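Next up: some structures, all given as structure tokens.
Same chain, two partners: subunit A is paired with subunit B first, then with subunit C.
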Partner chain A sequence: MNLILKKDQLNHLLNSWRQDYEVYAPQALQNYTHFLPLQDGFELAFDKAHNTRIPPKALFLPTSEALLKFTKFGGYEQVPLETAPRIIFGIRPCDAHAMTMLDTVFEQERYTDPHWKARRDATLLVGLGCHEPCQTGFCTTVGSGPFNHAGLDAILTDLGEIFLVETLTEKGEQLFTQLETATEEQSKQASEVQQAAAASMPIAFETEGLKEKLDQNFDSPYWEEISRSCLGCGVCTFLCPTCFCFDIVDEAQRGERVRNWDTCMFRTYSLEASGHNPRPSRVERTRQRLSHKYTHWVDQINQIGCTGCGRCVRYCPVGLDIRAMLRKASQLPSEVAHV
Partner chain B sequence: MSNEAHSPYLPIPMHVLHAYYESNDRSLKTLELSFDDPQDAREFFAAYNPGQFCLLSVIGKGESALGIASAAWEGDFVRFTIQKMGSVTTALHELKPGDPIGIRGPLGNGFPLEDWKGKNLVIIGGGCAFSTLYALTKHLHHPSNRGDYGKMTVIYGTRTSGLCMYKQDIAAWHQRDDMEVHQAIDVPEQDWLHHVGYVPDVVKEVKPSPVNSVAVVCGPPIMTKYTLPALVELGFTPETIFTSLEKRMKCGVGKCGRCNLGPKYICKDGPVFSLAELNDLPADL
Partner chain C sequence: MHDLDALKAEAKRLLEEGVVEMIIGFKAGDTPLHPQPAFFKTPEEVDQLVYNALCQNNLATYLTRFPKTLKIGMLVRGCENRSVNALVFEGQHPREALYLIGVPCEGIIDWRKIVAQAGEEVISVTEQSDNTILVESKSGFFTLEKNTLLHESCARCIHPNPVSADIVIGELLPEGDPALAREQVAAFAELSLPERYAWFRQEAERCIRCYACREACPMCYCEECFVDHISPRWTESGTTPAGMQGWHIVRAFHQTGRCTSCGACERACPMDIKMTYLTEKLNEDMRQKYNFEVGMDTTTPPPFSTITLDDKSRFVV
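So, the complex of A and B:
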């Protein structure tokens, strides 16, 4: 259903949600915007068409979280699950879309991750579409978009003085029961804004046949060429909304078994006890990062495992640009498929 | 087990039943672990298939992935043979009977025993990777399983005779008339009555027949690398050659990303793959 939220009513609405939920929204902290819980007198920082530096996946898979607590005499117990109701307000469609991809990892039937699932089940995602898409984003190239609905309970379109609210789930509808219905004219205006936003984004690279090219060029010098200036800092993976790798370590002094974000861009990630490392240099590690997103995810869920949020482009300290890497990949030779 | 609240990261509480060295250089130690709760034992053995592995947990030190080296019929314990490598495996070596320990598992797919019924089995192992093949052989030896399979040939190589694991059992296997056992060491030793040479060469020498047979290979990467083509040369098709892969692992349940190999996770989709499956995966090992 399409509803109208006047911008001067927004804070009132968010405060009303705070009675029943912990509400997270983008707020300025130091030089970046972050999803932080709203406190009295909050100031939102979502006016720019610019994503938070740390993707909201961190609210579901924290950078560091305890899985087990150690008890006396060598015992241990599971850390209680986080089930307090939450709303994430102002999540961008690329990040919400990424959540649905991570669900396929953490909510598999056979081994559901209870920590992830408890937070997912307790959290509503209210999205803010990107009427002025960011410069580094390429969502429309990879099957997402500035007003993509995937993963969202509701999505807002900025129409100047007002937001048009589209509720997408029953739970999302419950959040906006106080609002007036949008007029046909307003709905039409929103859909024009949405289409114009998508149309303003150039196609960053050719995705047709890209998977096959990457698969077939596993041993190509291409990987060395694109990874040459990589520092191996891992920021492209830590800030990626679809990256989920983690390490598990025992923090004996704290008495906890902890999982921490990890990255395939680090040497020790795949280093084995024997000294053997299947990905000994940045060449293999870069190949793994790109192949995971652009071929392995495609094999697994028939979607590119990238929503085009553009963080890896924006934050790479040496200016490596995944769009340029993939444009180059689309020039690679492709074999005739063996039938 | 499958309910939402059950965490796949929560180890099953166990105790060390027996702990003994497996090799004369004390680099390999076997632990036999018993369940604190009989219900956990029932669930474990109902799920267990030879070829699977567990994550052994020393609280405060961490976890280590190890293949299961016992068959379910042996009793209400689970056996692991551990090579001392880093901090967790050192801590495992220091455990004594009665000490607490946790395990997560059984994890992974294990060997496709149903598909192998009626076939001759060629079991090829090298070094401490032989542990799951030992479990497989023990499983097949049980009278209720033995009749389901044809001829059994075991080829097992170690660097030295002192590194050979499960010596008593293997000595007894030589006496059985329902199987053929070929042992090998890398360099000659006094009083050694068996093969001398690397496993791929011993395979070529023994020449197991590919007719109505499957071959399963577990060993260090270099052994596997040369044994698989040796089997192909003998006439085994990629669909009848199986191997168990290893990569660094943390979660064991397809989440942490570490053992990713193309679209597969070795922990969840493996560790057992046919050569036909491997041929479709990137050489990212």
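So, the complex of A and C:
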């Protein structure tokens, strides 16, 4: 259903949600924006088309969290889960889309991650579409878009003085019961804004046949070329909304088993107890990062494991750009000689 | 402004004459704010060379990746030259297998400061001869004073000129004022203990432990970093306050007498964490207590890297 939210009523609406929910929205933190719980007198910082520095995956998979505590005499106890109802307001469509992909990892039939599931079940996602898409983003190239609905309970379109609200789930509808219905004219205007935004984004690289090219060129010198200046830090993967790798560590002094973010870009990620490392250099690690997103996800869920948010492009300390890497990949030979 | 043609000509000559087998420099990035480190092996490839105030990496960080027998040419500014010297002292590459093309440095621009004024959608950045930067972004054209955009480490730089390059291209600049570097250290020292701790916590605890600071630093070349040790475990693994504080304080400490104040760590940080206030204090102590600045040559050992049999502290020997 399409509804109208006047911008000067937004804070009032958010405050009314705060009665029943913890409401997270992008707010200024240092020089960037971050999803923080709204407090009295909050100031939103969501007027820019850009994303928060840390993707909202961190609200479901924290950078570090204790899974269990050790007790005396070899026992342990679970760390209680916080599952207060939450609304994440102002999440961008790329980040919401990424949540649906992570669900396929953490909510598999046989193995469901209880922490992830509890937090997901307790959280509503109210999206803000990108009427001015960011320069580094490439959502339309990878099957998402500036007004993609995936994962969202409702999505807002900025129409100047008002937001047009499209409710997408029953729960989303419940959040906006007090709003007036949009006129046909307003709905039409919103759909024009949405189409213009998507149309303004150039196709960053060819995805047709990309998976096959990457698969066929597993041993190509291409990987060394694109990883030559890579520092091997975790910026691209930690800031990525679809990267989910973690490491489980026993912090003996704290008496806790903790789960920390980890990344395939680290040497220690694939280091085995014997000392052998199947991904000994940045070449293999870069290949893993790109292949996971552009071939393994495609094999597993038939979707590219990237929603084009552009964070890795913006914050790579050496200016590496995944779009350029994949443009180069599409120039690779399709058939490699059989050995 | 750099004489790009002269830099290219020299780089080509070195490759053509076989003086070096590879040149480490920069090439244009895919976005105007981010030129990329580049490795040129043929004179033809050198045509891609770019050099401007947005080249934010300390290229010396790549030196330890290559075999010590490889003859490497590298474009070096003051800090990079000193990092190279420090690495040569630490036995990481023989000086004979290096050819340093020196470039007096007017300072690196902090791209975040451009974004703060011109918006994130930057289309082009042009350095102009009157010390201004012309930025074209989606929000329009902006003429910005270069001095206001400099990275903090560069604004207080003491040695902008290469100290031991094989050739210097460009006119030497006046040396920086050590008092400027001292100012920041002194201002921090004047804060009360709780204020200093609050500042430290505010910076350290935003860390996501991506280790971009470590990887960007030429002096962080350990095969296995202390944070990756399993046994003994030196610091907590996660983003707990203890883990993040442990990382930041020990990282800084390992730089004592080794850090050249290049600021590459801060420029690499995705969370805009200030780090150099810790290393600058150590650098100032090195100057004050030992009259030592790292990397001014390749032979003077850093004070904490020397062990003598008559050392007053017997625990060392």
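Everything that follows uses one rule, which is that the second predicted complex is superposed on the first by the 335 of 339 C-alpha atoms of A that agree within 3 Å, B and C clash if a C-alpha of one lies under 4 Å from a C-alpha of the other, contacts with A are read in each partner's own complex, and residues count from 1 in each chain.
Just so it is clear, a residue touches a chain if its C-beta (ideal position, glycine included) is under 8 Å from a C-beta of that chain, and two chains touch if they have at least 3 such contacts.
The shown structure was predicted, so the numbers you read here are calculated from the model rather than taken from an experiment.
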Partner chain in contact with A:Gln30 - subunit B first, subunit C second, else both or neither: second
Touched partner set for A:Gln288, first subunit B, second subunit C, both or neither: first
Partner chain in contact with A:Gly234 - subunit B first, subunit C second, else both or neither: second
Which of subunit B and subunit C A:Phe106 touches, first, second, both or neither: first
Subunit B versus subunit C as contact partner of A:Val249, first or second or both or neither: both
Which superposed partner A:Val318 touches (first subunit B, second subunit C, both, neither): second
Which superposed partner A:Asn260 touches (first subunit B, second subunit C, both, neither): second
Subunit B versus subunit C as contact partner of A:Pro278, first or second or both or neither: first
Footprint overlap on subunit A, where subunit B in one structure and subunit C in the other make contact: 247, 249, 252
Subunit A residues within the subunit B interface of the complex: 67-68, 70, 73-76, 78, 81, 105-106, 108-115, 117, 215, 218, 244-250, 252, 255, 257, 259, 262, 264, 269-274, 276, 278-279, 284, 288, 291-292, 295-296, 299-300
For the subunit A and subunit C complex, residues of the former touching the latter: 30-32, 48, 50, 53-54, 63-64, 132, 134-136, 228-229, 231-235, 238-239, 247, 249, 251-254, 258, 260-261, 263, 266-268, 313-321, 323-324
Subunit A-touching residues of subunit C, taken from the complex the two chains share: 29-31, 33-39, 56-57, 61-62, 112, 116, 120-122, 138, 206, 208-212, 214-216, 228, 233, 236-240, 243, 267-268, 270-272
Interfacial residue positions of subunit B with respect to subunit A in the complex: 2, 4-11, 13, 59-63, 85-86, 89, 99-100, 102, 220-221, 246-248, 250-251, 253-258, 260, 262-263, 268, 282-285
